[in-house]
Amino acid sequence: MPGYPTPPSPWFEYFARVQPRHTDYAGIAWHGSCLEWMEAARIEVFRSVGLEYSDLVDMGCNLPVVDLSLRYRQPIQMGKEVVVKSRIRAIEKIKLCWDQDVYCGNNSKPSLLGKVTLVPLHSKSGRVLRTPPQEFKNAIEQIFDGKKV
Amino acid sequence: MPGYPTPPSPWFEYFARVQPRHTDYAGIAWHGSCLEWMEAARIEVFRSVGLEYSDLVDMGCNLPVVDLSLRYRQPIQMGKEVVVKSRIRAIEKIKLCWDQDVYCGNNSKPSLLGKVTLVPLHSKSGRVLRTPPQEFKNAIEQIFDGKKV
Amino acid sequence: MPGYPTPPSPWFEYFARVQPRHTDYAGIAWHGSCLEWMEAARIEVFRSVGLEYSDLVDMGCNLPVVDLSLRYRQPIQMGKEVVVKSRIRAIEKIKLCWDQDVYCGNNSKPSLLGKVTLVPLHSKSGRVLRTPPQEFKNAIEQIFDGKKV
Amino acid sequence: MPGYPTPPSPWFEYFARVQPRHTDYAGIAWHGSCLEWMEAARIEVFRSVGLEYSDLVDMGCNLPVVDLSLRYRQPIQMGKEVVVKSRIRAIEKIKLCWDQDVYCGNNSKPSLLGKVTLVPLHSKSGRVLRTPPQEFKNAIEQIFDGKKV
């Protein structure tokens, strides 16, 4: 998807609740729990512009995580509502580079700063999909436009 | 909580989305994934009547699962919305006996029939809490009345 | 698999360690954590008689859980070693009915009593597989004989 | 722990099996599954030099992840054995900087390159623990020496 816009997409918000199963013995969210919320947030971004992730898979396109970087700043407590703020920071060749920051309760400072890179792959061959389905390209365009269905 | 009403509480509904991480190699929800949705559903029932589960824990009362029975009837596919229908079927002495059935998408038949028993315990001693906090008793009463805050 | 032996198979043992991620705010294993150990235990039983579960899937046969019943008796603490004792109690028509009990540390009493029913399904159609692969039948036979590869 | 040795510690190996629950719809390990293996691997490194992580917590010291970076290179398939190779690359002031690479089956190339930073915290206050328990310091020393109990 060459020639893609350089300014990042607008931020999208996804809300989740910290449940007992997300916590560990320390009574705060286990470090891996945030990956769930971040995945759900990305999928809801696609849904917000009309693309169901399961439809994308049915078209033969997967979007696995190939790169992941997380900086934990504040503990996330049981019972709190978290909001995952997500945007596509850049598209490098075919890779989608996301910023995903997690805020806990009413904190104005993020509890977690995340960067996640996805790449479209052929479901079957597992190879990079240099020409993804048109529905995928349309969805990306709408995400950058901040349009929602 | 002796003398408790015998008819079950009304049904409460909790909605969740089947994400990639809930699925396994077969492309449908792994059998343990439903436990997440069921836990979240129970906690939202308490929240709906004004009791935060984390507040209950702060009062020194845990509510662990002591009994669990699940019958899987239909596969639950990625991307679908599931609804967990939950009610307290009965209170046996101090145990809360829940029915929790999971429906997938628009299916009129349940994908999963669940029964879950919880018991209030002292957080520290781990012993059965025969006289739980008043806030807990109030919440139970409101659940049976079908009242929401 | 009609005419199958009525006495249960011998017990197989599977060991696991209770890690931070298995615990919740109460500092003991979250009730769903045991499902992981129980799944791993069943798969190791098959491996012990020479059947790789992933090979079974490649032959077009899945073995989903269709029924599950757990009774939690004792808390399971972080850092402890648990042993899952597993046996096939009975084969009802085509269903495998397992007993799976979890012991924590040196406790002579079980922390958890489990019953799990599996059924062989066609991977693609999702239908019951009345004539499973010969490799599967052989594995079952060896499990009942208590033979290991 | 100033004046700490600059060469990294020796590599430690931890083995795990890729189970159905680790996989997602694509039939390969979900990207978050590796965090489990990596946590277990770090805890086994401490155990190998005689320090139980749960004992450390009992001494009032937690070791949360504060930084995490993962690069996924190759898919990890169901049924394979993975080995997590772990070492402490450096100690920066009080932070433990780990390299943790995951290899799948007989692949000579890593499936995942990980970097994880831990910091000792007071269990109760949540503050950085500038003088951790002596048992912790001893364990670190033995890890760098490559000694095992």
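All chains are identified by letter, namely A, B, C and D, in their written order; residue positions are counted from 1 within each chain.
Just so it is clear, a residue touches a chain if its C-beta (ideal position, glycine included) is under 8 Å from a C-beta of that chain, and two chains touch if they have at least 3 such contacts.
Everything numeric in this text was worked out from a predicted model, so none of it was measured.
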item	value
Most distant chain from chain A, judged by the mean position of its C-alpha atoms	C
Pair sharing more residue contacts (C-beta pairs) when A-B is set against B-C	B-C
Chain centre separation in whole Å, for chain D relative to chain B (CA means)	35
Whole-Å separation of chain centres (CA-atom averages), chain A against chain B	29
Chain centre separation in whole Å, for chain C relative to chain B (CA means)	25
Residue list for chain D, restricted to those that touch at least two other chains	20-21, 25-26, 32, 35-36, 39, 57, 78
Sites on chain A touched by chain C in the complex	20-21, 23-27, 30, 32, 78
Footprint of chain A on chain D - complex, ascending	25-26, 31-32, 35-36, 39, 57, 62, 64-72, 75, 123, 126
Chain A-facing residues of chain B, complex	17, 19-21, 35-36, 39-40, 43-44, 52-55, 57, 77-79
